[in-house]
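Two complexes, one shared chain (chain A), two partners (chain B, chain C).
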Partner chain A sequence: MFYRRAGIRHTTYRSERQLWPLPFDRALVAIIFVLLVLAPLLVGDLYLAGYLLPWVIWSTAALGLNFLMGGAGQIHLGYGAVMAIGAYTSVHLVRAGTPLEIAMIGGGLASAAIGIVFGAAALRVKGLYLAMATLAMQYIVDFVISHVPAISGGTQATIQVPPVRFLGVPVAGNAATYYMALAVGTIVTLFMLNIKRTSLGRALAAVREKDYAAEVIGVGTLRYKLLAFWISSFIGGVVGAVLAVCYLRSVSPDQFHLELSIQLVAMVIVGGLGSILGSFFGAALILFAPIVFNNIIGGVSDALALPISTDLRAHVPLVLYGALIIGFLLWEPLGLAKIYANVRDYFLVWPFRHARR
Partner chain B sequence: MDVFLLGELAINGALVGLMYALVAAGITLIYKTSGLANLAQGAIAMMGAYLTWAVASGLGVPMALAVVLALVMMFVVGLAIERLALRRMAGQPVIMAIMLTLGLEIMLRGLLPGVFGSAVKRLDVGIPQAPVFAGEFLINRATLYGGIISAVVIVISMLVFNSRFGVFMRAVSDDQTASWSVGIRVERAIAVAWGLAAVTATVAGILWGSNQGVDWSLSLLLIKALAIAILGGLDSIPGVLVAGLIVGVAESLATGIFDPIVGGGTRDVVASVIILLTLLIKPHGLFGREHIERV
Partner chain C sequence: MTLNRRDFVAGAAALAAAAPLPLGRALAQDKVIRFGMLHDFTRVYTFVTAEYSQGQRDCLTLVNERGGINGYKLVAEVSDHGNDVPRAIETYERLKQQGAVLIDPLSTPVARALVPRAMQDQINMLTTLSGRSDAADGSVFPYVMPLSPNYWTQAGILVDFFRQQDKDLKGKKIVVVHIDTPFGREPLPIFQALGQKLGYELQAFPYTPPGNDQAAIWPQVRRARPDWVVFWGAGVGQTVALSEAIRNGVRMDRVASSVWLSESDMEVVGKNETKGVLKFEACAGGREPKLIQDILKDVVGKGKGAGPEAKVGTSYYNIGVMMGAILAEGVRVAFQKNANGPITGPWLNEGLRAITNFTAEGLMPAMTSTKTDHQGGGRGRVVRWDGAKFVPVSDWFAANQDLVWDEIRKSSAEFKASGK
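The block that comes next holds the complex of A and B.
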């Protein structure tokens, strides 16, 4: 009934192959996008800067990681380090007087260049070793950034982001930063939506499913794996720049530690490997579940006068990330996106359930 | 820098390396039977140390009994992890199972300090503090005892691999389906491997806990253990012993030589560099078997 399919006849290939063939889906996406654009008018500053902005940025980062993990099937445990390279490069470029747009691209290129080196190191071997190599990348990049004064300004230093302009608009105040993040997020989302329909996306899918088989049918495995690393790292670098300019406003080495990488991996798994919608769901759940859960615990402990230690409450996010990863891998390996798909499938034919295949 | 200082660093480093190798032995044990790397090994070591501390200070039992109780409990925990989580992942891509162990690592790292408090706990297993003098060299007594105990446990696990049960485990690691068809209980072999891995991790956790106190940072043993396991070839226990010595000595020397130059923190990055170099130069490690993949 909802998501109505009856009476929709696609008469051209073009209309059948559009991103959202069902008018209901199209309308839903349009409404959500309009709501996101109007958000600065609709919600208060606290919600805009404290919830929506990080959600948009982290979703974009999760999309970049999902391209690698879901699209090409390569695990990456050092995405935080990739973002750190982008953030530091772009901030230094901006401080040197480069326009922000070029600095962001520069940050992306630097991330891609370094990320591909670590990827290449691990691609001689597979899965498990790649996990180790990217984990090693996280530690090595952390070390280099915090121990080279030219990059970080010293172990304990933070580098302020100077006032910048994005496409001629000063990036200051909540609305401007939000719109900049939203613009980058929209571009990355459109890229991700469309890449699956290109030859690159199909080649990556072949590599993901079975790389030897892909090689046999003429898909250069190494080339496409490296390309996936390059693109994903580039997106990571750009998002790192956005994170530094829009959200953190100053960069210090401890903002990009293993915790960020783990957070992003958790988002991708919880949201659903290879799903674009899932990246947004996963980012929302991973970012906000600890806050909500902490508030619930706080409320319960106040109401029942239970003494719950601050230690326990401080560790709730980690426990929750871990539990969510384990829970989703065991019970819904395809993540929140699959849950949404199940609901959608149900309503697609509701109330004629027997019509489902 | 004089030779004596270097020698001292090397000896202490080798002993520390043996203590790292104990954690790596568990990773190897699990890899050998079920073909996946357990990223939760560091967190399991931490859990063992926390449990020992909790049993000793909570129940007030003597330390020796507490250690034995903790080892038994951790064996059961290892079995439980395999039974409740990993066995359900059978047939899934191996990367999923690895991510499951990563999730376990994250959860344990939050859960244990959350429940027992994040302040550093003192775990006194009765190793005296005074250093040992061997000729000109000054050796930390805690690492000396720790290194010896680790070496003994690793040698014992090597002997286990030569027993009847060890033959089962080697058969399972060779070919699960074939071992099944000749009547070996594959699930049980994998489960016991997890239990034994948890036990070796606990021994390591107790040794490290008595050395530096029990807190979440024990889970950082994971990265050193991974470096050792990869350098040793992931499926060779003698490899773990050799690689442990190499990683320990390299780390100790690097700390001694480079820390004054770059201003500290070298210790944490040596393991990562070793992982990367191993993958670049000899991906299957010093003693690992090369896998031939068929479509």
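The block that comes next holds the complex of A and C.
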């Protein structure tokens, strides 16, 4: 009823293979996009700077990692380090007087160049061993950044992002930073949506399923694995630059430690491996579940004047958060994107229960 | 009852839907001054935060019990950020919306990330014994308020204490064992500069964070035959450093640390084994100071304490009380300057930057904050562990502030050059 598939006849390959063949889906995407664009007018600073901005940035990062993990099947535990390289390179470039647009690309290229070196390990090792190799990248990059004062910025180990302009607009205040992050996020999302339909996307899928089988049918694993690492690291670098310029506004090494990498891997897995929508859902859950639980527990204990200690009040949200993650992994191992797909499948034929797909 | 997938998902969705509901804040009064105490209770600082926050809230409760300041009550909104920057920024924005005039993140990474926002929004940020050391330069950081001796000052005071003990440090050797993070490396420039001035030899031994294995470092420390050993770390690194020092036969009365060493650490290592250890102290510990006595009588005694009574008088508890008292004094001075408000960040800022010779009824050395000096004079003292408590072995004093300020100005000039 909602989706109204009856009467939609695709007469060309082009229309059949478009991103959202159903008008309902197209309208939904358009409405959400318009809402996101209008968000600075609709919501206050708290929701813009506290929720939407980090959500857009972390989702974009999760997309970049999901491309590698879900698209090409290569695990990466050092994505935080990839973002750190991008962030530091671009901030140093901006401080040296380079325009932000070029500095962002420069950050992406630096991340890609270093990321591909560690990605080369993927040519020889798989699975857990690759996880270890990328974990090593995390630690090596952390070590180098915090031990070279020229990179980390002297005794305080913090470098400020100078005032910058993006496409002629000063990146300051909540609206401008949000629009810049949204613009980058939109471009990355469109890229991810389309890449699955290209030869590159199909080659990566072949590598993901069985790399030597891919080699047998003529898909060069050397080339495609390195390419996957290159693209993913490039996106990571650019997102790192966005994170530094739009959100953190001052970079220090501890912002890019293993915690960030693990957070991103969790977003990808909880959201759904290989799913674009899942990256957005995963980022929202992992970022905001602790905050929401904290606010609810705090609010309830305030409102009811519960005599619980601050310590307990701080830890209960974490307990609930852990239970929630375990719950999702137990009851929906395919991720949040699968829950959405289930709901959509249900409404696709609603009010009937079954129909041919 | 079995939990099926649909119920689980529905429950999670219901929670998400409940999130934006404006819970609590039912006790909104008009005569309040809000402070946002966003701390890390759960990740890195854990028990440090719990004791600090307890002291801070007990102190504010005492002020409120006595009728507040000018009829205004001081309200502390306590929240956990788990040392996580996105969570801290969300909390910061929420507190800003609620009209907080001051925030206290008590975490160096979070404080660093919040500096640009606090400066822009004109919200005072307390960085008690943490955060950027160069924030002492109030002309560059108008809204960042350490109001406590920074790490460079602590290093300067420790070295001066060594000099007082040995009369002359020429030809002596000082070893610094530090965690290999920016925080651990921070005091090294002062130790180096003082080494050149006083003629001692400095050797630094970094250990990898978090510092639960320092077995490779301490035999080297022993081999270096140091006259003084300073260990500089946080959390687990501190207790492990002490245990290893004992194991390697380093003389305990020649070992010193920064402010981040507490009774709890000594209990972990062994109260008697650590007899003689020195540390820097920013405010008096124990229950003797009058302010702590008042809190015991009027707050804890009446069942209004914010935590277990046993923690009252511990080092970190008293630091919390000190900061609470400084805040109250800042509010009092702000009312003196501008009795009619309005209660805003800049209003409180005027008060916090004009505190003169405040001692919190003997709890702390006289501190004077000005528009240029946010450190408050940089006084402290050295105390020694006697097996049961820390006993002062020096008076309150300030030392080597010229070198410290060279370092502060160098660093704040860098910030200024990049920030504008």
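Here is the rule we use: the second predicted complex is superposed on the first by the 317 of 357 C-alpha atoms of A that agree within 3 Å, B and C clash if a C-alpha of one lies under 4 Å from a C-alpha of the other, contacts with A are read in each partner's own complex, and residues count from 1 in each chain.
The criterion applied here is as follows: contacts are C-beta pairs under 8 Å (C-beta built on N, C-alpha and C of every residue); 3 or more make two chains touch, one makes a residue touch a chain.
Given the structure is predicted, the values throughout are model-derived calculations rather than measurements.
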Which superposed partner A:P290 touches (first chain B, second chain C, both, neither): second
Contacts of A:I75 with chain B and chain C, given as first, second, both or neither: first
Which superposed partner A:A314 touches (first chain B, second chain C, both, neither): both
Touching partner for A:A131 - first (chain B), second (chain C), both, neither: first
Which of chain B and chain C A:E332 touches, first, second, both or neither: second
Partner chain(s) touched by A:V216 [first = chain B, second = chain C, both, neither]: first
Partner chain in contact with A:S146 - chain B first, chain C second, else both or neither: both
Contacts of A:V265 with chain B and chain C, given as first, second, both or neither: first
Residues of chain A contacting chain B in one complex and chain C in the other: 146-147, 155, 309, 311, 314-315, 317-318, 324
Contact footprint of chain B on chain A as seen in their complex: 73, 75, 77, 118, 121-122, 124-125, 127-129, 131-133, 135-140, 143, 146-147, 155, 210, 212-213, 216, 262, 265-266, 269, 309, 311-312, 314-326, 329-330, 333
Complex contacts: residues of chain C adjacent to chain A: 3-5, 8-9, 12, 15-16, 18-19, 21, 23-26, 41-42, 50, 53-54, 78-80, 82, 84-87, 89-94, 96-97, 109, 112-113, 115-117, 132-134, 180-182, 185-186, 188-189, 306-307, 407, 411, 414-415, 418-420
Residues of chain B touching chain A in the complex: 36-37, 39, 85, 88-89, 92-96, 98-100, 102-111, 113-115, 117-118, 223, 226, 230, 262-263, 265, 268-269, 271-273, 275-276, 279-280, 283-284, 293-295
Touching residues (chain side chain A, partner chain C) in the complex: 44-46, 49-51, 54, 58, 95, 146-147, 152-160, 162-163, 247-250, 252-255, 259, 287-288, 290-296, 298-300, 302-303, 309-311, 313-315, 317-318, 324, 327-328, 331-332, 339
